[in-house]
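What follows is a set of notes on a single structure, which appears directly below.
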Amino acid sequence: MKERVVLAYSGGLDTSVCVKWLQEKYDAEVITLTLDLGQQEDFSEIAARSKATGAIKHFQVDAKEEFLTNYVLPSIKTNGMYQGKYPLATALGRPLIATKLVEVAESEGATAVAHGSTGKGNDQVRMDVTVRALDPNLKVIAPVREWNMSRDEELVYAKKHGIKIKPSNSIFSIDQNLWGRSIESGPLEDPNTEPPDSAFEWVTPPHKAPDSAGYIEIGFVEGVPVTIDRSEMNGLELIRHVNQFAGRYGVGIIDHIEDRLVGIKSREVYEAPAALTIIEAHKDLEQLTLTRNELDFKAGVEREWSWLVYSGLWMDPLRFALDSFVRTTQRRVSGTIRVKLYKGGLRVVGRSSKNSLYTSALSTYTKASTFDQSSAVGFIELWGLQSRIAAKIASDATGEKNVEHPKRKQSQALKQKSK
Amino acid sequence: MKERVVLAYSGGLDTSVCVKWLQEKYDAEVITLTLDLGQQEDFSEIAARSKATGAIKHFQVDAKEEFLTNYVLPSIKTNGMYQGKYPLATALGRPLIATKLVEVAESEGATAVAHGSTGKGNDQVRMDVTVRALDPNLKVIAPVREWNMSRDEELVYAKKHGIKIKPSNSIFSIDQNLWGRSIESGPLEDPNTEPPDSAFEWVTPPHKAPDSAGYIEIGFVEGVPVTIDRSEMNGLELIRHVNQFAGRYGVGIIDHIEDRLVGIKSREVYEAPAALTIIEAHKDLEQLTLTRNELDFKAGVEREWSWLVYSGLWMDPLRFALDSFVRTTQRRVSGTIRVKLYKGGLRVVGRSSKNSLYTSALSTYTKASTFDQSSAVGFIELWGLQSRIAAKIASDATGEKNVEHPKRKQSQALKQKSK
Amino acid sequence: MKERVVLAYSGGLDTSVCVKWLQEKYDAEVITLTLDLGQQEDFSEIAARSKATGAIKHFQVDAKEEFLTNYVLPSIKTNGMYQGKYPLATALGRPLIATKLVEVAESEGATAVAHGSTGKGNDQVRMDVTVRALDPNLKVIAPVREWNMSRDEELVYAKKHGIKIKPSNSIFSIDQNLWGRSIESGPLEDPNTEPPDSAFEWVTPPHKAPDSAGYIEIGFVEGVPVTIDRSEMNGLELIRHVNQFAGRYGVGIIDHIEDRLVGIKSREVYEAPAALTIIEAHKDLEQLTLTRNELDFKAGVEREWSWLVYSGLWMDPLRFALDSFVRTTQRRVSGTIRVKLYKGGLRVVGRSSKNSLYTSALSTYTKASTFDQSSAVGFIELWGLQSRIAAKIASDATGEKNVEHPKRKQSQALKQKSK
Amino acid sequence: MKERVVLAYSGGLDTSVCVKWLQEKYDAEVITLTLDLGQQEDFSEIAARSKATGAIKHFQVDAKEEFLTNYVLPSIKTNGMYQGKYPLATALGRPLIATKLVEVAESEGATAVAHGSTGKGNDQVRMDVTVRALDPNLKVIAPVREWNMSRDEELVYAKKHGIKIKPSNSIFSIDQNLWGRSIESGPLEDPNTEPPDSAFEWVTPPHKAPDSAGYIEIGFVEGVPVTIDRSEMNGLELIRHVNQFAGRYGVGIIDHIEDRLVGIKSREVYEAPAALTIIEAHKDLEQLTLTRNELDFKAGVEREWSWLVYSGLWMDPLRFALDSFVRTTQRRVSGTIRVKLYKGGLRVVGRSSKNSLYTSALSTYTKASTFDQSSAVGFIELWGLQSRIAAKIASDATGEKNVEHPKRKQSQALKQKSK
């Protein structure tokens, strides 16, 4: 009996070649699976292409709501951002694709799943680890990694096997879902070259953006964005709206050097208007409503969570525990943030919350202040107590030569200055 | 014999009132000290005002080089930024002012130093702790804190005592040095109100900025910016240049909610064109030249260092140790970063370094790749080993009800989708 | 009408003096409150003493179960240990005492609460912050801090006012509850002096402990100790049992230098047989059942949690979020730990769990191994990739002088050794 | 021409089989290298065995001083301890062995180095990564990993090829150097079985240890142990002395579950009397001399450093930067620590330092105190300010149902208790 393999199928060159290759090399029946994560493709064309390459069956799953609820919203609450720059769009999508591959494989009686990831990126890790955590009995095949073909070699193979590829005039390699779009290859591989305008589809080049600033008010309830300009909006619609609005104002381009899990540094270019805007707003609201203790510790939680998700460990129980931490902090993160967008720039210019820890009665410099300034004297006495004693001991111990106690050595400069 | 007090003197309302108050309340001889930290004031006018209020002596010290070398450059290497937003301009200046107060007090035989900080802010902590760490025998007097006067009451007191105040039509309270300008009070106390254009002096409002983008190339050697557009430039001049260049393009405005050490949340608005631009460039260069291990740990070091400096613990020996860590990491942080500025937006668009860890031979998707993709298979096997087993155990232990294992519960959605 | 104050009352010198002092200085009606936290006092004698000093009413509350459930068990799950040494017994008790003070004050219509903490320790912070977080309208009075009396002065005051003090032949100042006993003052104030045997009541001096080792098996379910030697035991009874068993074997003495929140370093001596034994067992079980990712991150959570509790911030919402993190990790922390105790020494010698991540099939060196060793080759290739390149660059950049690349400079030693 | 390979040679079964295997399989000339890291072997016997197995040349290098200075002392300063339990003895030795392999390979014109590590442990990573960081042109061969032989299969191979093995009556697999001894295999593979006394060579079983306690005073200068009982001692001698002294008192046994880098959990048993004693003393001295800020941050540095060293990343530049941090903290870590050892138990009972931050004048409860208790009032006011407000908001927002605010729900218990 033929082996049956479920392949994560995008309709592009890589995965179309995979269908043929799985048939040829593994003598397998191939079932293709395409997820709608909000990437706005023509799914019927993908289905047709699957059939044309010889897949015995094709599944298309609308996973947008699940993606939003279980992946994107937790990432917003956590301000998920790898190395402070990348909002994790693809990284969040992969474990969900892997989950659906397992579901289809189990319901279709397949013994293996396959995906089109290369052996140099992060996606292979995300796919392999998630699949095998969910069902250790399933084999995972990664034809592109196994075959080690370059893009050019794939094209030759496709031609030879009569595989029709979506005609792509793009020099870029693209992945996208509702949370962002990544752009790779071609001229972007030189980290010293500015990305050309042609790389971008979601973001209007700043110099072509509107000549006056746009404002958007995002309302959050317990860390989740729920209103735009005071109107409630369904989550998917809200993200789509912010993507379009911010993108139109030139906001959402990311260009940085990124450390892949496998040890390679790569130059990555993304478009993520909604992610950048919503996370900036969410962070500002947290500054208003969380204690400094919460904010400080949460920064470390965010970094760890982003690393786990980026590095394919979505299924590590640590992620569940970090999620619990974050959920508890979000109870008070409700309020409204006003964001100003202008020709590529983004700035929060207003914020309010019923749970605000900002109280003007404490911070004002006018007579209305309720803060007892004399408390500060005792506070400072104790706050600096140990540092002061230690600095004195360090100074005594190390003497004049210590550059970190510049007290005495600049004295000559001083002497000349008295008037 | 009269007590002799050295007062940190800005020439503004607060410190002018302090001169009189120290004379009246402490029956003290007052010596005033003004530091040039690059704030671009008329220092002869300040000296004249000091004399007019009755100070027995006035010192003016040019501390710009010292400020740059011992405070600003270490902060650049550390990407010093409190709560991810504030580049610490005033926080860096205060311990230097305190150091100079101690020097003058010791050389002038004074028994006390004084400063104009209120009892609600961070500056009092920075001043008090640094002075007392350097010379435990000096008394520290903070008249504004002690007297607990509001701004209006100060004005009455000034009028009554014939103190001439620099006519200020500004509704804002300002502090500035070469690393940034802070703007407080007035309408900014409402965190929900957008700062008016009139608040800004260093940054051109984005809509008035040039219509085409500006580019600037910043060259670093071991973490220190040393060239602009491939030309060497003296450090002070370089920072001034970037302040003007970036400011002209509308870059440098910061608006956020900040946690003061004393527990108050305040809304803070800053201008810091050079700080934002140089630190963004420096971070990008670090992404290119430091290992992921270094980057990840340094992020925590940066947060701690920024907190120490912000909270007045410049003299805590921990700061010295963090400096040592950072210095060692900077050995390889040399290279050139190209930044694009446009109407308030800022983006790195090119980077190069002889110490780059980016090697296109590893990351390319073309045939030129030298990366052995088969290594990834073994890597993933071990990388996910424990997470996979643990996830399986967690799933077995908790069964279907665990929302973090959404594997099976979405299956019905799946069934309807097969075509 | 007289002010009514609820005083946390231990029956000792400090709080007995407080009763009188509150009456005298504040002209207040004093209600005393004593909590049973498992400290094994004669509570009827305390009630009698309260009456004798003139309190108008006395409450005694058995809070042992609440203390166990809401304070001690969370601390076990978190391996709560300040600075790696102190199991937080008093620190955990104080917020509960504060909570009960607020309850009594509200039900008795008091306008203030009082406690006997000095101004130099941590307890004042724990009491003040918790009371005011729970009811901002209550005044908090700390007579000992306010009056600033030394112990000798208190004795004089007590004598003068006819206050009968529990005759104490102890030179030590003691605080205890079911989780531990702290011992201060007297000879212990010299950190260079070994604590005398007379300081200890819970722990048998090791040289008087039994001559053969004792074994105890502690069974945990989701992080909570529930069985001893395979028999179920009620929580309070279990902790009492371990205190006695381990104490009898000489286990439980802690002697270290501790950083108080107020900046003072103090020498602290504790007895905590159950805390040390149970936490050591719990940590070992976690090593068996949690992933390395969980263990590594949880170590930081534990440190932060311990610091919050120690420093009086039991009510900071960060503590709630850390609790959520910890609770999630504990789902798989079930199993049995075998501990060997002998003359002051403590060692885990056996562990088992149905959720164990240890699988001898993976780790064994015999033929039974299922681990594919060839995976390691790819793993190492990628694990060290970046470090290797960076080390090479660092070496090239810094040349021979870099002491951290000792490769070439020891070569001469090498040359002489060849045989 | 034959390939020439330098093999790290211990004289044991694994590496003796490797010699033959390299000759047979790679047709290589084998040069053996044995390092003296203080493991106290008969090195002439090892040399003879090398010759007997057919190595063309044998090097023996006394690397004890280098090991002490560049590896063990930095680890003492860092309190190097993986997962809080393992003092890293083998982990520290491996990069030094790798360094010497490279030196010999380069001076002997070899094109490859080899080592006897298996594919399941950490040593392979430490060896491979260090060698390749130092000389990317050298090939690294790991015959045991490549061949994937079990111990029994190795014995058969040895017999077949006439390899004489050191008769070992031990059922354990041992690795040792001056910093510790690791014991693996046999009955220890069951984590639920107590290690038999026969496993231990350095540590006297506690019940056979002396009947009265031993004391040892360790003097440190800038973090380095330099005196024992007030007498100066050469570093190697000092460590040997503490190993013997503490070992004789039954101190030094470690038994825990450890996470190997490759994802396996293993049960590890070690003897490390000097490491445990010296690090415990060093930590106590740091508690006395470092600020709380330093101690708290250094704890994280220690964890990271230990992880890097454990996981084979000795050459990652992050390690250099962490070393710089640690070195700076050690400037004030000078003083004397008194340790009491008794039948397996270890406790610091006295400490003193000229740099002590403990000042009895601050912490004493007698009249001699110089601490101004009224400072505490202001301190507490600000310390708890934000936590209090946030707790109030959280309570208001979540109402009675929040278990983390147990204030009101226990009231009924209270009512019954009033007397």
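A, B, C and D label the chains in the order they appear, each numbered from 1.
We take it that contacts are C-beta pairs under 8 Å (C-beta built on N, C-alpha and C of every residue); 3 or more make two chains touch, one makes a residue touch a chain.
Quantities reported herein were computed from a predicted structural model and do not represent experimental measurements.
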| item | value |
| --- | --- |
| Between B-C and C-D, the pair with more C-beta contacts | C-D |
| Selected pair, out of C-D, A-C or A-D, that shares over half of its residue contact pairs with A-B | C-D |
| Whole-Å gap separating subunit B and subunit D, where each centre is the average of the chain's CA atoms | 39 |
| Between subunit C and subunit D, centroid-to-centroid distance (C-alpha), Å | 27 |
| Interchain centroid distance [CA atoms averaged], subunit B/subunit C, Å | 37 |
| Sites on subunit C at which at least two other chains make contact | 259, 262-265, 290-294, 300, 313, 316-317, 320, 323, 331-332, 357, 359, 374-377, 379, 382-384, 386-387, 390, 394 |
| Sites on subunit C touched by subunit B in the complex | 290-294, 331-332, 355, 357, 359, 372, 374-379, 381-383, 386-387, 389-390, 393-394, 397-398 |
| Parts of subunit C lying in touch with subunit A, wherever the complex brings them together | 259, 262-265, 290-291, 293-294, 297-298, 300, 304, 308, 313, 316-318, 320-329, 331-332, 382-386 |
